[in-house]
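Notes to accompany the following structure.
By letter and in written order, the chains are A, B, C, D and E; residue numbering begins at 1 in each of them.
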């Protein structure tokens, strides 16, 4: 019975896959709307010169607003799972018992400052070439993960107010900018930046986001990796 | 003129962030205050819709297809009003509930506020990719809430729920990708006319299929209902109420929207019949399983499975060639949606109080509840009246409209299903009531509960009951947009 | 022409790593294969003229997800050892 | 909304509002609860009295509210409605008095009286409903509000009876709903109209109309306890005596019978029903019910169960009267709506008295109870004779008109049914009366509850109501020809129904 | 056939792999892997189809960026839940359907 079901599912999805491929090959290019051209023609009004950033933070900035909320939400879900535990720097003790990690530690001390620099650079160039808050945040987060793995940075427990502030800082900046623009510059219009100050506002938002995204992404790892220690502590 | 639309999006997000900032278990008061403000905004918006009709709102001022468009019409207005009216009593309830039982309170408030934000954004969105993001926001918030209770049962349910809902979103997003590939836009306002004007390619068929299947998965229509009862049945009661009353309605709303706005050129009667048939199966199967449950909250959760079925009967009925029949089918379906949301919130809230008082989720322990918590039981019964579709509830008006649509179209099969479904729901509702009327078992002690826990359920049930008398307003708002 | 060959090789590697990471009996291998899959995806994004995505995929898709998964595998193994002993 | 329009609402509110307040009163506020109840009942009677006067002077009392476009809530106090409203309001007043005495000291009284008031509200709503939609709303509300009363004691048996009751009535309600919705689909929104409205549909709808009629009658027949849909009624006698009294005399069974009257006269129109060839089957079903109920009553040893089967039989007199195609039969049927109400409520009051005072439930235990409780037994005897149809009682009037009506339309077999039923009634009531009066009472009443007894043979609140209704039974028979009798009022109604063409 | 189209077809295949794995595999960690593969497949289709003609299209690229972030968020949450389940039950599979 189980096997029959499995076979059925596989056949069904094989058919679906083949249909998908056939459909993709058959498809005519769109003739009515040419969005990428519109992006290029409106690029000047967006405040940035890199099209992807323009889409991400201006044309479809609303998506991004919701998306960072999704990220925070996932972190909330993670936090709800880790429960209360004391913040203890067991990590170093736990991991450094393995000698080869000493090498890693040395490497990390070299690499992390570099990564922070890279994040800053990515953030800055995002306006005119590939890069931006997400990539910068991800690099920051990766730095955090490395620090944790090498035992420098302990795993996080229940966040205190300062960490919480850091986690939502960028999101609040985003919301505040949106609200401020709506009250001051273009009343009743959501996320409609005045073209003159759009670049500045986007950079402001991106800076906030870089910090918070970095913290949130790092948090996904740092909060989770703690429960091995928690089990250790229980024993 | 003051425009509440952007505030309805920004404010709940801000509440969510602030509630998180406030810390563990905090934010109840903020939620209450925030919801009152939002309810006021929603009422303003509904009045605007009623007077000026549907309208578009271009976020960022770019306008579709470059930017993201929002769209509000009567249906949006009804849904927005509904979620705020349902949530406000539940906020009061949840504050009292978590003061009795701290389990699961952790990040309840920010999660709930984000849930609301997601629904607000979802109902107003007119951009299928933006809808994908709101769907994810909604799903992750819902899963986080289910898992917050923090024992093995709820977590297993939450994992299942998460995987199912991710699969659903995946299928939906694949559909979006295909549509973008075909037409070069993700805006409903652009796509709708394009679909109607051009020849439909196979890709669009496939996209429609994927998107609808994904949403059906999230709506838990039979046979995709397997994840719902454990998730809704094992979450803390305020969460169950929110999920059962509102969250599944969000994906149903999307189905409705896509069905009529986007895929209207390619819906056929057999597909509609198929959806109706699944709905009918859901009604019968869900009701029977609800009756067989031994846990109160599982019973209520299975009742949701059954009640969802009614919503899907409107698809075949809408295809009837008689305009009046089609119209009353839509009206009936929407009334069912509204009435069920109110009643199910009331029912879960009442069930939560009873479980709290009995100490364990077991129908057999309810003996004597009628003298211990008469008000809560009364609320449960009133909510049951709506689910059974008995007058004067909103559920009755819904059933009246649906049945009259089916009768006018000569669709006797659907009539039989609805009648039978009503009787079956009476069976499971009265299973609980009968048990509660029995004299208490010797030695069983009920814990006293705070009075403030009892009133929200009663209020919600009362609204769902009296809704029947005000259904004219709801339907005129629905038609006005 | 060489581009086409490169594309096809990438596709094959992509499909193979995806399939293997789902099917291979060893969980640790599966996660490593998944990280490989992520890195391959990053290359694909470069091929698709999407350096933004390539960066994000490498950092988030392969890096962070990989780290999370590896950590979980470690946790799982620890749990299993505990339950055995 | 003018004053006349709001009167029907006020009549509803006069029991709904006290009911809602009572529901939330703590158990200990006995005095306030009783005051509220009685004040509501008196207010209702006064309002109805005013409307009775008004209707005789050509006033109309109509309340309309649009639930949806094309779906109106209409209350109208027409002559037929007022007949039923008066009956239920008067009997509610008495039953409340009775219930106050009966339930003294028992638990959950706030709940009981709350639902009791809801139940009367629903009955009044059924009476004043002026289209099928409104009728159905209150018809179902009646089911809901009576259920908690039936299971009030909370015993296994009561719950089981409640389940049977629900199974029957909900199914009936669903069938009725189907019929109503179907009819709305054909006719649109239709108010109850003298002489009916369905006749306007052409002959191509005949078959549909016949099926709808069947659905409507089947749905209503459940509450009216037409055989074979009567199964719930004998079970429901497990309820406390005041509830049984109300259920059998005014609320539930009467709602069914009243609905049938409305459907036959004011939706289809009696002549149209005749042309659809549906009157005869209805008469046959009624006749079978009459005989079957009486026969079953013969075999019962439990007093209340015996009375319950008697109700099954007696209510179908009303249906039979409706099914006799002519004004005289109509008068007999409709007047029996009132007459059966006052007689049957007397019997149940008395049965409650025996049970409550002497703990007598079985018929064989009633030996000599007449000497111990003479007043109760007198009332019981009067009502029993009324049921048999003895002269000077209300029952005689009903049967007289019924048999005349049957003769006038040439349905002689109906007369045979009536005669047979009378004989059967006598066959189960007379032995009871014999036991009451002529058998020796036992040495002592084993379970007599001394504490309920005051200066009288039983609690005075238990004694007064049956005496009043017994007196009314006699009065309705003796003064049938005066202007204040139910008969007079029913004649007015029948005139309207038959001369409208 | 442009390289974008090749990748779009690959995306379709990956999507199917992912969905099938998500449904059939019982190990929760594998399900999470499958979900990520499914997501990558969709992203490839989205960008690949959009860039069939060869010119880069920033709109789907921005969407995919959003999608990647959403996917990692979901992965994080899923892993947190799975670890918790593991902590409570010692199982890494879901109990059979009730």
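Heads up, the rule we're going with is that contacts are C-beta pairs under 8 Å (C-beta built on N, C-alpha and C of every residue); 3 or more make two chains touch, one makes a residue touch a chain.
Source: prediction; values computed, not measured.
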Neighbouring chains common to chain C and chain E, by label: A
For chain E, the least number of touch steps when starting out from chain D: 2
Apart from chain B, which chains still form joined groups through touching: A, C, E | D
Longest centre-to-centre distance from chain E, chain (CA-based): D
Contact pairs, highest-scoring chain pair: A-B
Chain occupying the middle, per Cα centroid: B
Greatest separation from chain A - chain, by CA centre: D
Rounded Å distance between chain A and chain C, as computed from the means of their C-alpha atoms: 18
Distance between chain centroids, defined by C-alpha means - chain B, chain C (Å): 38
Centre-to-centre distance between chain B and chain A (centres being mean Cα positions), rounded to whole Å: 30
Centroid distance [mean C-alpha coordinates] between chain E and chain A, Å: 16
Residues of chain D whose C-beta touches two or more other chains: none
Two or more partner chains touched - positions in chain E: 8, 13, 15, 18-19, 23, 45, 48-49, 52, 56, 59, 61, 63, 65-66, 69-70, 72-74, 76-77, 79, 81-84, 87
Chain C residues counted as touching two or more neighbouring chains: 50, 52, 56, 60, 64, 68, 72, 75, 79
Listing of all chain pairs that touch each other, if any do: A-B, A-C, A-E, B-D, B-E, C-E
Residue ranges of chain C touching chain E (in the complex, touch as defined): 3-4, 7-8, 11, 14-15, 18-19, 21-22, 27, 30-31, 34, 37, 41, 44-45, 47-50, 52-53, 56-57, 60-61, 64-65, 68-69, 72-73, 75-76, 79, 83
In the complex with chain A, residue positions of chain E that touch it: 1, 5, 8-9, 12-13, 15-16, 19-20, 23-24, 45, 48-49, 52-53, 55-59, 61-63, 65-66, 69-70, 72-74, 76-77, 79-81, 83-84, 87
Chain E - residues contacting chain B, complex: 8, 15, 18-19, 22-23, 28, 31, 35, 38-39, 42, 45-46, 49-50, 52, 59-60, 63, 66-67, 70, 73-74, 77-78, 81-82, 84-85, 88-89, 94-95, 97-98
For the chain E and chain C complex, residues of the former touching the latter: 3-4, 6-7, 10, 13-14, 17-18, 21, 25, 27, 29-30, 32-34, 36-37, 40, 43-44, 47-48, 51, 56, 61, 64-65, 68-69, 71-72, 75-76, 79, 82-83, 86-87, 90, 92
Contact set on chain B toward chain E in their complex: 129, 133, 136, 140, 143-144, 147, 150-152, 155-156, 158-160, 162-163, 166-167, 170-171, 173-174, 176-178, 180-181, 184, 186, 226, 229-230
